[in-house]
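Structure provided below as structure tokens; questions to follow.
Chains: A, B, C and D, in written order; residue numbering restarts at 1 for each.
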Amino acid sequence: MTNYDELTEFLLRLGDSALIQAQRLCEWTGRAPALEEEMGMMNVGLDLVGQARNWYEYAAERINDGTDADALAFRRDERAFRNLLLVEQPNGDFAVTMAKQFFYDAWQFHLLTLLKQASDERIAAIATKSLKEVTYHLRRSTQWVERLGDGTQESHERMEKAVDTVWRFTYELMEEGDTERALSASGILPSLATLPELWRSTVKHTLSNATLTLPEPASSFYLNARAGVHSEHLGTLLAEMQFLQRAYPDASW
Amino acid sequence: MTNYDELTEFLLRLGDSALIQAQRLCEWTGRAPALEEEMGMMNVGLDLVGQARNWYEYAAERINDGTDADALAFRRDERAFRNLLLVEQPNGDFAVTMAKQFFYDAWQFHLLTLLKQASDERIAAIATKSLKEVTYHLRRSTQWVERLGDGTQESHERMEKAVDTVWRFTYELMEEGDTERALSASGILPSLATLPELWRSTVKHTLSNATLTLPEPASSFYLNARAGVHSEHLGTLLAEMQFLQRAYPDASW
Amino acid sequence: GPEERAFQEKIDAEIKIEPKNWMPENYRKTLIRQISQHAHSEIVGMLPEGNWVTRAPTLKRKLQLMAKIQDEAGHGLYLYSAMETLGADRDEEIEKLHSGRAKYSSIFNYPTLNWADMGAVGWLVDGAAIVNQVPLQRTSYGPYSRAMIRVCKEESFHQRQGYEILLHMMRHGNQAQKDMVQDAINRLWWPSLMMFGPSDADSPNSAQSLAWKIKRHTNDELRQRFIDQTIPQLEILGCTVPDPDLKWNEERGHYDFGAIQWDEFYEVLKGNGPCNRERIETRKNAIEGGAWVREAAIAHANKKQQQAAA
Amino acid sequence: GPEERAFQEKIDAEIKIEPKNWMPENYRKTLIRQISQHAHSEIVGMLPEGNWVTRAPTLKRKLQLMAKIQDEAGHGLYLYSAMETLGADRDEEIEKLHSGRAKYSSIFNYPTLNWADMGAVGWLVDGAAIVNQVPLQRTSYGPYSRAMIRVCKEESFHQRQGYEILLHMMRHGNQAQKDMVQDAINRLWWPSLMMFGPSDADSPNSAQSLAWKIKRHTNDELRQRFIDQTIPQLEILGCTVPDPDLKWNEERGHYDFGAIQWDEFYEVLKGNGPCNRERIETRKNAIEGGAWVREAAIAHANKKQQQAAA
């Protein structure tokens, strides 16, 4: 595997997370609880694939060995993917899907807000553009968490269970990694040290509005997306997503 | 795609059906309703992968362009697969899985019994060996259909529904194709003209013992495994099953 | 009666009928049936594409397909809204779909079996839909007409995109990809022609619909138009259609074509097509499985309203 | 008492204890706990392999992995049977597993992330299991001893097969495959060493189990034996283990090795490992979701019995 530098790793973390989250949304096609949600999920998914493409294009330029955005998306194996563990988790019911979406949106929202100030202009530009989209995503998923949490007895129970199901993967959203710290120290990125507190504060606020229990911060446990140590769910997702590029390696689509 | 002759097509029909049926059984790993069934399903699956390998090896020799059994299993695309539509259907609950298994076993049992008499010695030998295994498979699936059909109210309803769910794909088991007719006419295979009646008679007997309704014979409808026109379920099954061979085309495992 | 006369005079004068205007009960019913079928088709039509959206080969193709699916959900929404202006209820009409009492376009009961199907569906299926729908932009019922204007615009875009997928595979693809394109056309050609419905001789409701300007052309006219505009595009692709009788008729100024297998059409219509059962089951599971979500949304809105009132 | 004395004398004389013999209540309980944990481990251990059996790269490898999974189900069956000779109930013990009151081998809470894991699980995990189990062939309780003889034989076969998977990838594989092998070893090495349990100093029940010859060697002895036999095999592979302190100690005649992260072990044991939740959920769903099947089988058997009696 090419040895990526720290900034490339960071770009892949952003790109892979957006792509895998979008892939899970694609699985809902024709299966959403209402037509409005078919549109809503596809809309969010479209934004995210677009964001992934922007991050990948920049990453490909940096790697500079002839790779491109499509190769990064469709030709890397599981252990090379850097997406958050959260987004690769199965969709479960609509509550689990919304819990994943909300936790991810809150992370993206605060991260992109910080990244707007990056001295790396390319990152600042992508962040600025993406943030407009993500602001809407977060509003939507916040509303759904509140609706389901403070809706009926059944929806409340499902939403509590959903938060419990995916919560343990949120430690990654609360963790400033060495990569980020090094990039901040070298002045490429602004400090991301406040991200955990910002994320937790948004989550706390919304879960409270939704009459849901805020769990204690999740703690890190072996799985580690930064090192490509994923849960077992990513492998089969990639087998499906990458099928055509793998089966027809010399094809142009 | 290489232009396969009729006998090759017939061998692939046998090999692909066995492999795909086994692949669906593999999906049950660790998920069966009892430990004895973990063993039972894996045991049947093992026999079937072994049978698939025998049919593929003969097919590969006939194709004689450097292909081998693994390439036939792991490098052909959906439209080249010749497996029965029945076996590619999703597992559903244990009743659906057993309905598929029973209909398939009954077909294999009678087909292999006829093929034992093939003048092609290779076919006769594989059929003879396979039939010993399939005799056990059929006994097992027959028992389960009877247990579930004539068990509790719930199991009876599930089994009725399962038969209904997969029945429409059984028209392929009742159909003597042009390929088979030509192979019989040229003396390579014995006549398979009695297969539909034999299959239906076994099914009738068991469904009756199981207090289940015998549906009218299913009729053919567009989908056609002989021409590789499959249901939408096969594509994702293959994406998973073939992943490693596709992702690492030059690898030896 | 005089109302009926005034109604027909408006129709004849190309004045749109609006929701509050008087209309014959049969006009209303015919429109509800037609618009709801159209809406159902948009929604069911997402499913064959959903089969490949998780396997799209590049980011660009994935974005295009996702956008198309999103548009279809949107079309479903406008069309159900247009239908509701006629006093119909969306949930009731959807229930008719699920219980097999309402139809949707038969083409969506065919499976999508390779990536080229995503191109061929855009080119042929959206193409046929557009030929059907362009005249409906001038249909006599105002809300339907306006919905059609928007739908047609987006579908033309989908059609060009679908064609471009195929053209790219034929021009830049390897042999396996070219085979996919021809295979997709082979499978989708006849079902696309069936999208225009039975021949005029076997289409009993057509005359009244034409008089009311709900329809503006006969099934056979539209089918011929579709074939005439599609075959030159087919030739640019360098592909063929599976019809040995297809040839240009200089005298008629149209393409002649072979006999359509209406048996297959009626079988699929009756529910015996290759994917009818899966399609309806998926939709039923979506709506029934999502009931708790919709109930929660209503309960939450009620709570908020009560809090605001308190 | 005299019974207890007679019991211990038998043990000391290497005479097997059989189900009908008198035994101390604690001996019985300890054995039930140990055998049930072992049985649970066989069953839960099928799941990480189930993750790859649908993706095995060749027919041969698929057959091998399926056969291994089948053997594990078989081991689970004999072991539950051996446990039942002690008066325990299989369903009750399984219920303890599902509610978190019974343990299983922690190693199965780690994910399998590439195909080489199927080799490394066979080589290291079955390898460690065999080192643990070979002495148990001589364990004092007869049915357990006999089950172990059969289990060990099959697991030795799995271990050699696992090693051969890795050896083939190292000798005939491309760079990506060699990387997979090293990656699998890197991830599975330390969890394999943890399979022998805490150091003797932190293993309170060991002394009694040794006296009763339920255990025959201490955890640390077995761990050392495993390392000593595994490192030469590792060298033949041309791989390394992620332990900078590993080196041959001429004086001791053993390999020295680095400190084990027992924190991780205890976290996984508490249920906080990477896959604990998924593993238990899958097993619960299997057993609870299959209740209707087992009920049907009983109902059917009862009907047949009544018919035979009538």
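As a working rule, a contact is a pair of C-beta atoms (placed from the backbone, for glycine too) under 8 Å apart; a residue touches a chain by one contact, two chains touch by 3 or more.
For each chain, UniProt lists the protein as follows: A, B = Phenylacetate-CoA oxygenase subunit PaaI.
No experiment lies behind these values; they were computed from the predicted model shown.
Trainee: Measuring between Cα centroids, what's the chain most distant from subunit C?
Mentor: Chain D.
Trainee: How big is the gap, in whole Å, between where the Cα atoms of subunit C centre and where those of subunit D centre?
Mentor: That pair's centroid distance is 58 Å.
Trainee: Mind checking the centre-to-centre distance between subunit B and subunit D? Centres are C-alpha means, answer in whole Å.
Mentor: 35
Trainee: Where in subunit A do residues touch two or more of the other chains?
Mentor: As it turns out, subunit A has residues touching two or more other chains at 77, 235-236, 239-240, 243.
Trainee: Hunt down the residues of subunit C that sit against at least two other chains at once, touch-wise.
Mentor: Subunit C, residues with two or more chain partners: 55, 176.
Trainee: Can the chain contact pattern be summarised as a line, a ring, a star, a complete graph, or none of these (other)?
Mentor: Chain contacts: none of line, ring, star or complete; other.
Trainee: Pull out all the chain pairs that touch, please.
Mentor: All touching pairs, sorted by chain label, are A-B, A-C, A-D, B-C, B-D.
Trainee: Which part of subunit A faces subunit B closely enough to touch in the complex?
Mentor: Per the touch definition, subunit A meets subunit B at residues 77, 235-236, 239-240, 242-243, 246-247, 249.
Trainee: In the complex formed with subunit A, which residues of subunit D make contact?
Mentor: It is residues 48, 51, 55, 110-114, 176, 179, 183, 187, 264, 267-268, 272-275, 277-278 of subunit D that touch subunit A.
Trainee: Across the complex, what residues on subunit A touch subunit D?
Mentor: Touching subunit D: residues 1, 77-79, 168, 219, 221-223, 229-232, 235-236, 239 of subunit A.
Trainee: In the complex of these two chains, what residues of subunit B are touching subunit D?
Mentor: Residues 22-23, 26-27, 29-39, 42-43, 45-46, 49-50, 52-53, 56, 69-70, 73-74, 93-94, 146-148, 150-152, 154-155, 158, 240-241, 243-245, 248, 250-253.
Trainee: Which subunit C residues qualify as touching subunit A in the complex?
Mentor: Going by the criterion above, the answer is residues 43-44, 46-47, 49-50, 53-59, 61-63, 66-67, 69-70, 73-74, 76-77, 80, 115, 165, 168-169, 172-174, 176-177, 282-283, 285-287, 289-297, 299-301, 303.
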